[in-house]
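Lettered A, B and C in written order, each chain numbered from 1.
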Amino acid sequence: MRGLTLGYGVSDRMVTVVSKTRSPKTAWSWFIHAMRNRSFAVGITVTALVVLMALVSIVWTPYDITKLTIPDRLQGPSLTHLFGTDHFGRDLFSMVMEGSRNSMSVALIAVGVGLFIGVPLGCLAAAKRGWLDDVLMRGADVIFAFPALLSAIMITAIFGPGAINAIIAIGIFNIPVFARVTRGAALAIWQREFILAARAAGKSASRITVEHILPNIANLLVVQATIQFSLGILAEAGLSYVGLGAQPPSTSWGRMLAEAQTMMGIAPQMALAPGIAIIATVLGLNLLGDGLRDITDPQTENLAAHG
Amino acid sequence: MADPLLQVKSLSVAFGGRSVLCGFDLDLAPGEIHGLVGESGSGKSITALSVMRLLPRNAIMAGNIILSGQKLERLGEEHLNAIRGDQMAMIFQEPMTALNPVQTIGDQIAEGIRLHRDVSPAEALDMAARAMARVELPPSRYPLSRYPHELSGGQRQRVMIAMATALKPKLLIADEPTTALDVVLQAQVLKLLRTVVDDTGMALLLISHDLGVVAEMADSLTILQSGQIREQGNAVSILRHRKHAYTRQLAEASTHVPQWKNRGQQASGNALVSIKNLVKTYRSKRTLLPNSPEDFTAVDDVSFDIATGRSVGLVGQSGCGKSTLARLILALDTPTGGAVQIDGIDLGTADQSQLRRARRRMQVVFQDPYGSFNPRMRVEKIIAEPLHLLNRKTTLDQQREMIADALRCVSLSPDVMRRYPHEFSGGQRQRIAIARAIITKPKLIVCDEPVSALDVSIRAEILDLFAELNDEHGMACLFITHDLAVARAITQETLVMHRGKIVERGPTAQIMDSPQSEQAQKLVAAAPNLERALKKRLGQ
Amino acid sequence: MAAFILRRFLMLIATLFVASLIVFAVLEIVPGDPARLMLGLNASEDAIEALRNEMGLNQPIIPRYVSWVGGLLIGDFGTSYTYRVAVSELVTERIVVSLPLAILALALSTSIALPVALLAARHRGTSADTAIMTATQVGVAIPNFWFALLLVYLFAVTLQWVPAVGFPGWGDDPAGSLTALILPAIALALPQAAILSRVTRSALLEALSQDYIRTARAKGVAEGDVLWKHALRNALIPVLTILGLQFAFLLAGTIIIENVFTLPGLGRLIFQAITQRDLIVVQSVVMLLVVTVISINFLVDIAYAWADPRLRGQR
């Protein structure tokens, strides 16, 4: 085996290496470290609760919301009905649980669409530069001119309303967002010397993108994904509020608010329950994003390293 | 001795319980130039910021700072603002970022004038124009309405000096004012500072890591290490006697020449690298719009050979095209014209497998030991990166053995493989970069300013390592540098580059001792040199 | 500078062109036969054929596109199928509600956000900063139409200070019309102000960490002036970006908010048009909104060059 190795004489001068900072070794120790950040701790807890609520609602809700029990209608919050009931006597807490599933899945899929199309396009633009970069970025500009609501309006005018429209409309808007963020961050990494070193080692652009670019922008993409997720929740609520999103019999937070509007004078709890659910979810996601940014920001890392 | 202008008494600074400066004393007389020398982390910049009272909020400061009888440590912000810029001023290291990018240079100079003098905006601009003329930027050629991005680094540093000296403060603090500039610009800026001090009688606190710079300028000197004064007093006598071990270490490191066994004797006549009529022109984008910028020729008809096993220096001012030339040799960029041959392979016509072969024979080491590694990769993977250029398949064990060998070769223990780059110091990182470069046993290493970001003592160790690679393993090296001391220490041959052309080539010693071309003479004359400066001052 | 603006202007034209292609393709080509879609399943073949002729659907695609764009350029948006009046007339009637609302909301959010951001940046790290940041963090999470519902409940239903819904019209009652826009503008503006002040604060803090700020301090510039003269101007670039994006969101928000307050704006028009499948109106209003968003982005680009001299030299 010796023949394959460098075979240089071993120098007797050994430089002692003193470890300056200890890098986190496992996911769990990273998590413990991250929980010291208040934003992250609150954000991850709230987000986890909402996700849990959405998952549980698949198999169980406190009340069956497809059954109308008129005698129980328009009750205020109580121990039997945590958030009260609506004008058909349905349990608002159960409806919020059901709605969370719809809101979260629409926002999540839309983020997925943005990630899976936008990130490769952004990487491509940064790696190739030149006319391809120009074309992709001008294309992003055009799509930016269509806020999710406008796309949803056009799609609905042709195909009629539905939750799929909301996913497509929000997803389309997410594509240029991710493409731009990815391109900007990737371009900055491409300027670094370790990319030159990798090129000097004969690595191709695609291999450099996978080995060097993506690992270094992953943090940023995760943060952006949480932001787009929270914006998606808000957008979905807006779309289904005006009737461009989820349709009966399925429910969503936006639809609940649309129904609440006419009852505002006599049953404000109908607007409060879904509204607070939206705010809590969006707040949780935003805090999570802020926390992640603080934890992974190289600047704060540097500050920690240099005291 | 007259009353000191500035008196610093037992100044200590700590950040979050960590002491960075401890018991610092200094007396500075009007018209005196005091050199403050230390390596990174010695506390020299902290000293400057303490005197200006510009320390970050989380710093804790103790001690006295007395400027013309005023106890600065007791003054409030408002009072300090009246003194800053008027009685004391400061110049920073990085001219590219120290000026506000969205304000004209005239407005930036005039702002300070109007803060401290009761003058009209027109009068302030007038004074700004005079300050500009003093730093040899006559407003007829460099109008006050320019923005910082329209000026070069050297010009920006002059603007900084104009701004700091517009009101003729009694104390000027210059924190590494020339570190970001090449040697020729450095010499110009230092000369300018000297002239300003002589003309106005202000005191100058000159902070530097370079004993050579300080030796030429300073009347008195402080050597600082880890926040503590090692030596203080008359500059010439400190530099001549070098009583303290650390002073000696600094002085020796800055004039360090590695021990050679063969010194290029084993170099054969074969041309390892052969460059013929190489041209690289950056074309401006052609548009229909007027005022499209002109083409820029970075490398202009360059031809030379590097023999197997030779160590060659490529020196020149910043912007002369030396880094572009390096990129062309490394096949990281395609030339506009001419040819590069590596070990008989023409990079212009090579197919993929020939290109791989060529890449295997040449590797690269960059300047910035912080930017040249992917921070998310372990050392093991970083060093192994060029291994895929090898044709034969290697097992993981074999790879690991090769990495361990490369690490030992740069005097690092193979145990460091599993670590991440941020766990290492600058010098150690540069060793890792060298390990990465030598793992494919290349015949040529191209080094782009490989030691200019390092402290002098570490610089010496890295130069030794390069010398060893060249001397014992016969690797040819191309050193790109603006620092003649580096070229003198480890190269046998030197090429002088100016505006894209090679203007002089020859044995290094010959170029250093009797440069022929104007550019080479300029570079040699500008290079700070401790021994030469001492000799000159002792002769006075 | 002129070259910069010219180049941006050419890009504006190209973007508008592509955007118009998208709108045309989605609303006129994707449905296959727009006339059949508009009239529904029960329509007679004769009626469909008549509408086809009226809309010019029997022509080939390219002339159809050209005549549509040509019409847009001279303000001829076609005739609404359901209202039987020129779309341009409908749009003019409605835009005098939507546009003032969007502008009022933008003005309100900017005039709240900037002072708040400067205050937070000036007192960074103090409890005032923390309080502002917490409040804006919540503000960002509030959906504007939900906030609108609360405002209606509080000021119209409970306190009865303002009418809950409706719009008297500028000609009949200018003061009443303005009053009718106040609650919607606040509902739109506050969540946007929260975003804007967060972005502005972090842009200010970023600028404050730069070397030139230290230079300014070394000149003896006082803290307030450092923030106002040096940091703010440099922080403008990200702030302008967000302002441009916000205008697009405000337009979208306007459309939704008009539903809460039953304001007769473009939003109401477009939702009625969707229900009635009046594709001609949908197409015109969508295009109008897209043109507005693209034009605003063009203005933001020009503002960049004003804010940052480094961009002026670029082409």
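Here, a residue touches a chain if its C-beta (ideal position, glycine included) is under 8 Å from a C-beta of that chain, and two chains touch if they have at least 3 such contacts.
All figures in this text were calculated on a predicted structure; none of them were measured in a lab.
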| item | value |
| --- | --- |
| Chain with minimal offset from the mean of all protein Cα atoms | A |
| Between A-C and B-C, the pair with more C-beta contacts | A-C |
| Intercentroid distance (Cα basis), chain B paired with chain A, Å | 44 |
| Interchain centroid distance [CA atoms averaged], chain B/chain C, Å | 50 |
| Cα-centroid distance, chain A relative to chain C, in whole angstrom | 24 |
| Residue numbers on chain A that touch chain B, as the complex places them | 1, 4-11, 13-21, 23, 192-194, 196-203, 211-212, 215-216, 298, 301, 305, 307 |
| Touch list for chain A against partner chain C, complex | 138-139, 141-142, 144-150, 153-158, 230, 234, 237-238, 241-243, 257, 260-261, 264-265, 268, 271, 274-275, 278-283, 286-287, 290 |
| Complex contacts: residues of chain C adjacent to chain A | 11, 14-15, 18-19, 22-23, 26-27, 30-31, 37, 137-138, 140-143, 145-146, 149-150, 152-153, 157, 248-249, 251-253, 255-256, 259-260, 270-271, 273-274, 277, 279, 282, 286, 289-290, 293-294, 297 |
| Chain C-facing residues of chain B, complex | 52, 54, 57, 77-78, 80-86, 89-90, 92, 94, 97-103, 111-112, 115-116, 147, 149-150, 160, 163-164, 285, 287, 289-292 |
| Chain B - residues contacting chain A, complex | 15-16, 18, 327, 330, 332, 355-356, 359, 362-364, 366-368, 371-377, 385-386, 388-389, 394, 397-398, 401-402, 404-406, 408-413, 415-416, 419-420, 422-425, 427-428, 431, 433, 436, 438-439, 441, 468, 472-473 |
